[in-house]
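Both complexes shown next keep chain A, but they swap its partner, so chain B is in the first and chain C is in the second.
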Partner chain A sequence: MSVSTAAREPNVFARIVRHRADYLYIAPALGVMLLVIGYPIYDTIYLSFFNTPPSLAMADKIFVGTDNYVRILTSEAFLDVTINTLIWTAFSTFFAFALGLGAALALDRQFVGRGLLRGILLIPYVISAVAAAYIWRWLYHSDFGVIGALAVASGITDRPINFLDNVDTSLPSLIVVNVWKEFSFAMIMMLAGLQTVPEQLHRAAQVDGAGVFQRFWHITMPHLKGVTLVTVLLLLVANLNSFTIPWIMTAGGPAGSSDIWITAIYQLAFERIRFGVASAYSVILFVVMMSMGYFYVRALTGKDEATPG
Partner chain B sequence: MATFDEFGGLSSLGRRRLLGAAAAVGMAASMPGAARAATAPAGLDTSNWTPEYIASIAGTMEIDTAAECAKVVPLNTKGRVTYWYVGPNQASPQIDHRIDAEFWAAFAKTYPNITVEKQNLDYNQMLNKVRTAALGNAAPMVAKFPILWGVEFAAKGQLMPLKPEDVGFGSDEFWPGALKSVMWNGKSYGIPTNNETMGLIWNAALFQAAGLDPEKPPATWDDLVLYSKAIKDKTGKNGYGLVARTNAGNTPFRFMPQLWAYGGGALDEAEARPGYKSVYLNNAGSKAALQASFDMYVRDRSVPVSALTNTQNENQDPFISGQLGMMISHPSEYAFMLDRASKATGDDKKTAEMVVANMRYGLVPKGPARRAIVFGGSNAHVFDAKVVDGKLDMEAARALLAFSTGPEWSTKIAWTNSNPGNLRGFRTKWMKERLETIKFLNVTTSMLPSGIPFPVIPESGEIMNIIVPDMLQNALTKKMSVAAAADDAARKVKALLTSL
Partner chain C sequence: MRARVHGDRGWGIARVVFLALLTLFTLLPMVWMLLTSMKTQFAASQYPPEWWPRNVTFEQYFILLSPANETGREFLRYMFNSLWVSFATTVLSVMVAVPAAYAFSRFRFPGRNLLFYSVLLRNMFPAVVFLMPLFILMRWLHLVNTELSLILTYLTFGLPLSIWLLKGFYDNIPAQLEQAARIDGATRFQAFIQIVMPLSSPGIIATAIYSFILAWNEYVYALTFLNDKSKLTLPVGLQRFFTEYTTNWPGLMAASFITSVPVVVLFLVLQKYFVRALTEGAVKA
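Then we have the complex of A and B:
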């Protein structure tokens, strides 16, 4: 048995030689990736063990071992920022996905104006994040914002609502903008997924007396499992890495109420010129994201093995 | 903004290395000991630096730039100098382009045998370009930097020691605040080229509507708090354009004058001889200043609610639309408002034109300790030979510095938006012409003696742009009490300074 297997599967070197052309084809891309991804990752990890001076005299950096990691993980500020990050990521992902799924289910049905509505709902996704952040900043503006003015005009409040200059409302306000920006992406993904659900299964279930909810739960959702996993993971990664909206709209403020990991890292590196500690922070974020990727791949692989073919 | 004061940075070993590197620079050895040229002493009474005094001295002195330069570097000197600066760009008024061209033509005429290889860089790109160039031993021989950039390069040992006497001037010909800004570790590393400050701008019509004297600004910061409340109470408009956004230079430029006026500060930068070791952020003056901001934002609600996310840009629209009573800004704000009014249409145009007509400039209020404003401007520096691209031509560099920082060209180059770094420039006919043609210039110019530069240390950016705005935000959002916010900020600054 082992002999016949060896005969069928040549050793690694032989396989590489056999696929040498393939390796040559991907070599340029691999080279570029090593340069623009591999090296920065290496350098970030390397820098995370040093303290760097604000004068940017990098030759004066001091080796501090794991001190940066210990300081980050034991600091009160890290706890605050982590809580903000978890709230930001969880709520943004959940609501963007839920809204996207709802919109996809609605748009999957045949009705007049469906194409137009699809186009309109895609606008938040295609609009530039920078432009969106500035537009929303003015919509929310605590003195002259349209939303506040409408609230006053309609008698809901007697003064403009303070969205962004209040420690209690700044993060939820940013999450609303983020969900608005992202739900279209979830909608596209889920719409694509819905195309894979066999229509005859729905008809058969309908004949058997299954209701709308039962058909959704027992037919639609199982078929959407794969695309749901992909969508949720991509949303999680996007939200963990989200920078443009929080930075432009509040820069982490007021008083740190909307500071999340990415804005904290940016500030440490480029505002406070603490490349060492910012690198350590980035490595922690990298590990968290890679862990998520690992569990995600495992989940996907498990699904593939369970449903061969 | 959550901060991470515990992530201080280098150990004391690192600081010693840093200082050692700065001290180890070639220092005076490579600098020719130029005797001071026989220039007339500045002879200005800066203690009585009022708009009237400035007007009275303008045009009283004749300047012969070539003759002055000849005493420093002979006019037939041959050489080559590389020079990087932020010059006029596409957005600059035509007069800036004309003056820049005239400057280079005049220099070529004065020193016909010195070749200048100049690079006019974008403000937002220059710092990183110079950092990179210096690391790669490709720095220019001479560079003109905004006021606080030089300290970083001095700390890295990349600048030559340089003082006014090296190019024929006396230190008494420059503002003390400007000279503070070129000091690092007890040595001077630059020569001031131009300096400016901001003033208090107000809408006289809103003052009148609030029952205030429309022609008189608040004399003290306590008065400003009362004026702001009166405007809000009587007109419903915001009184004072408070700015408290983090990571925005506008915030410390408007809050530090208040802090200094009450006797506070970040460090001891407002003292005559600052050592930048003592933390003032939680002294009684700083707490009083923070309390005044708290009173306006929280107690009286007389400033924009959006102050925590606003920069000065967000004050401009409310001001031109008559929704804001007072703000601190540059003299160029008037031209900016004129431009906005000219572009407005319909009723907006009427409103804007009325605001421009009612626009007034005055001195920034005093506090119990002093009147203060942030001292701005630029300085010229010479890079150390070891980081310069090619061989450093010190004579050519000195010729360019003597020519550009003298009374004539330090006045002309600063024409539209600044003031001569060389105090004798205020006596020239060109200064007289500026005063006659630029509205409100005399007011903001009369703030110059009250100018205080930010602490001249590499940590200044972090203190001013992050820790100070954080302190404001912590107090104004009531996340902390005023006293606790000040103590928290002081603790962060101490940690920052002692851990380095």
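Then we have the complex of A and C:
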């Protein structure tokens, strides 16, 4: 329990015993994480090999091997939902990051009201996604929605647009809401990253005649590599897992046009009460997420030279 | 030289225009929420819309916040539940994260790195993937329909970031400070309370506000774990409100506004701590 131990005991068990009191400090955190994370991981994988009864009387479940996986991967809907998921994740991440980076670069300078402006831009990120979803449902409303009315008033269309009940516009409309909600997360991450760029380098480059764009590309960007990686990964994961906005706004509809993995899993589990299939679906998502998790931890722990020094 | 200065000025204008557009994009939806909440139901259902409410009314706010009617009683109940769940989550998060972060920073026990990174990996795990097994677990523990099921779950959302953030603080507090206190006769615990805790209070505030906002806004677990009307938290209550009064958009916008106010106020007052909570890991690592 010493503050730092340089000496190496030969035996790991001896070291564990010697440090036994240390584990008391992390026991509450580990305990709750094991209960709420460790056990669910195990149970999800386990259930994915079973056919579960709708009554959720788990004693009656039937082992079906990999049937659930085969059924999901070969179903026609899976391809459509996967394409939607890719579109949703890729576009949300790209636009949230691009707007966030732009905002960060624009805010990376002292001016009056900078703190206030940063605060205002962050409001969508801190409010409840449920409130955000209802605000936008109202903006998109097919009869009284202000966006449709503005489109008519400015002569873009001759009648209000039905954003959410149309298979062509539902997914893009949701992506706009998602970008609105999360771009400022990318903004503060990149803003924090910009603080690590040495001011002198910019000065020196300016004296040497480098333009704004050259300075951005050759000085700013190399310093932002690490934080960019972490931000993009966190956005990708958040978007792969976003449930509230798609669920409240369209619940996957119309005709599955805005259905993504997460909403499909939720429907399978809690509307059709098929926990087995839904678990298999979760495991697939989980594998994708774990591979991203690998890069996330690598980026955070600096085992990658891309991390800012 | 002149050409370059001119070029920079061009960028300066682009910057201002971009920020102005982005601010409009951010604010206009919320402005429309506020304007709608101050209209009558009839005025809100007009085409083309009333751009500015002709008869401003706070009727919806009175209904929602008055215990004198059924809707108000329900809404206040949801708000109280949300406050209680968020508050309990916040206090527990700090109590669990502080010792863990301290141990990860100060002690060199076997498995330290492995455990630390597995805690961090939690950030990679989505809510919905855990929903089914946790639902089964909570049923088994007889916790379905209790606030405790939510508090336990929310605790793990905030913990990884809290531990990461606080560990950063403890890493920066010299161990000699504690050693000096201990030479003066303080126990390790006293040294921790009197020296380390005060120095890490910005980290604790950041941790607390982050946990609170997460818990206040959470929706999926609250939707799944609770079905007793009197136990619902605000996000689920909002949805329930919507299914009951589908066409009452002013009421729904007022409810959305009231739901957002506590976190926005908390966030604006403690902005620098919250920003720190979010960015610390990515930049310092």
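A few notes on this one:
Operating definition for what follows: the second predicted complex is superposed on the first by the 275 of 309 C-alpha atoms of A that agree within 3 Å, B and C clash if a C-alpha of one lies under 4 Å from a C-alpha of the other, contacts with A are read in each partner's own complex, and residues count from 1 in each chain.
By our rule, a contact is a pair of C-beta atoms (placed from the backbone, for glycine too) under 8 Å apart; a residue touches a chain by one contact, two chains touch by 3 or more.
Treat the numbers as computed from the prediction; the structure is a model and nothing was measured.
Once the two complexes are overlaid on the shared chain, A:I123 sits against chain C while remaining clear of chain B.
Applying the stated contact rule after C-alpha superposition, one finds that A:D143 touches each of chain B and chain C. Of the two partner chains, chain C is the only one that A:Y25 touches; chain B does not reach it.
When both complexes are overlaid on chain A, the residue A:P160 reaches chain B and chain C alike. By the touch criterion defined above, A:F49 lies against neither chain B nor chain C after alignment on the C-alpha atoms of chain A. In the overlay built on the shared chain, the residue A:A255 is in contact with chain B alone; chain C does not reach it.
Which of chain B and chain C touches more residues of chain A is settled by the count: it is C.
In the superposed model, A:Y296 lies in contact with chain C only, and not with chain B.
Looking at the shared chain after the overlay, A:M33 reaches chain C, while chain B stays out of its contact range. Legend: residue contacts after superposition of the two complexes on their common chain; A:F95 is shown touching neither chain B nor chain C. In the three-chain superposition model, chain A touches both chain B and chain C at residues 56, 141, 143-144, 160.
By the touch rule above, chain C contacts chain A in their complex via residues 4, 7-8, 11, 15, 18-19, 22-23, 25-27, 29-30, 32-33, 36, 44-49, 95-97, 99-100, 102-104, 106-111, 115, 117-134, 136-137, 139, 152-153, 155-156, 159, 163, 175, 178-179, 213, 216-217, 219-220, 224, 234-236, 238-239, 242, 249, 252-253, 256-257, 259-260, 263-264, 267-268, 271, 274-275, 278-279, 281-283, 285. Within the complex, the chain B residues that touch chain A are 1-4, 6-11, 13-14, 17-18, 21, 131, 152, 155-156, 238, 244-248, 304-309, 317-318, 323, 458-459, 461-462, 465-466, 470, 473-474, 476-477, 479, 500. Looking at the complex, you find that chain A touches chain B at residues 51-57, 60-62, 64, 68, 71-72, 75, 77-78, 80-81, 137, 141-144, 160, 162, 164-167, 249-257, 259, 264, 267-268, 271-274, 276-277. Of all residues in chain A, only 1, 3-5, 12, 15-16, 19, 22-26, 28-30, 32-33, 35-37, 39-44, 47, 56, 58, 99, 102-103, 105-107, 115, 117-124, 126-131, 134-136, 138-139, 141, 143-144, 146, 149, 152-153, 160, 180, 184-185, 188-189, 191-193, 195-196, 206, 209, 211-212, 226-227, 230-231, 234, 237, 240-241, 243-244, 248, 262, 265-266, 269-270, 275, 278-279, 282, 285-286, 289-290, 292-293, 296-297, 299-302, 307-308 touch chain C in the complex they form.
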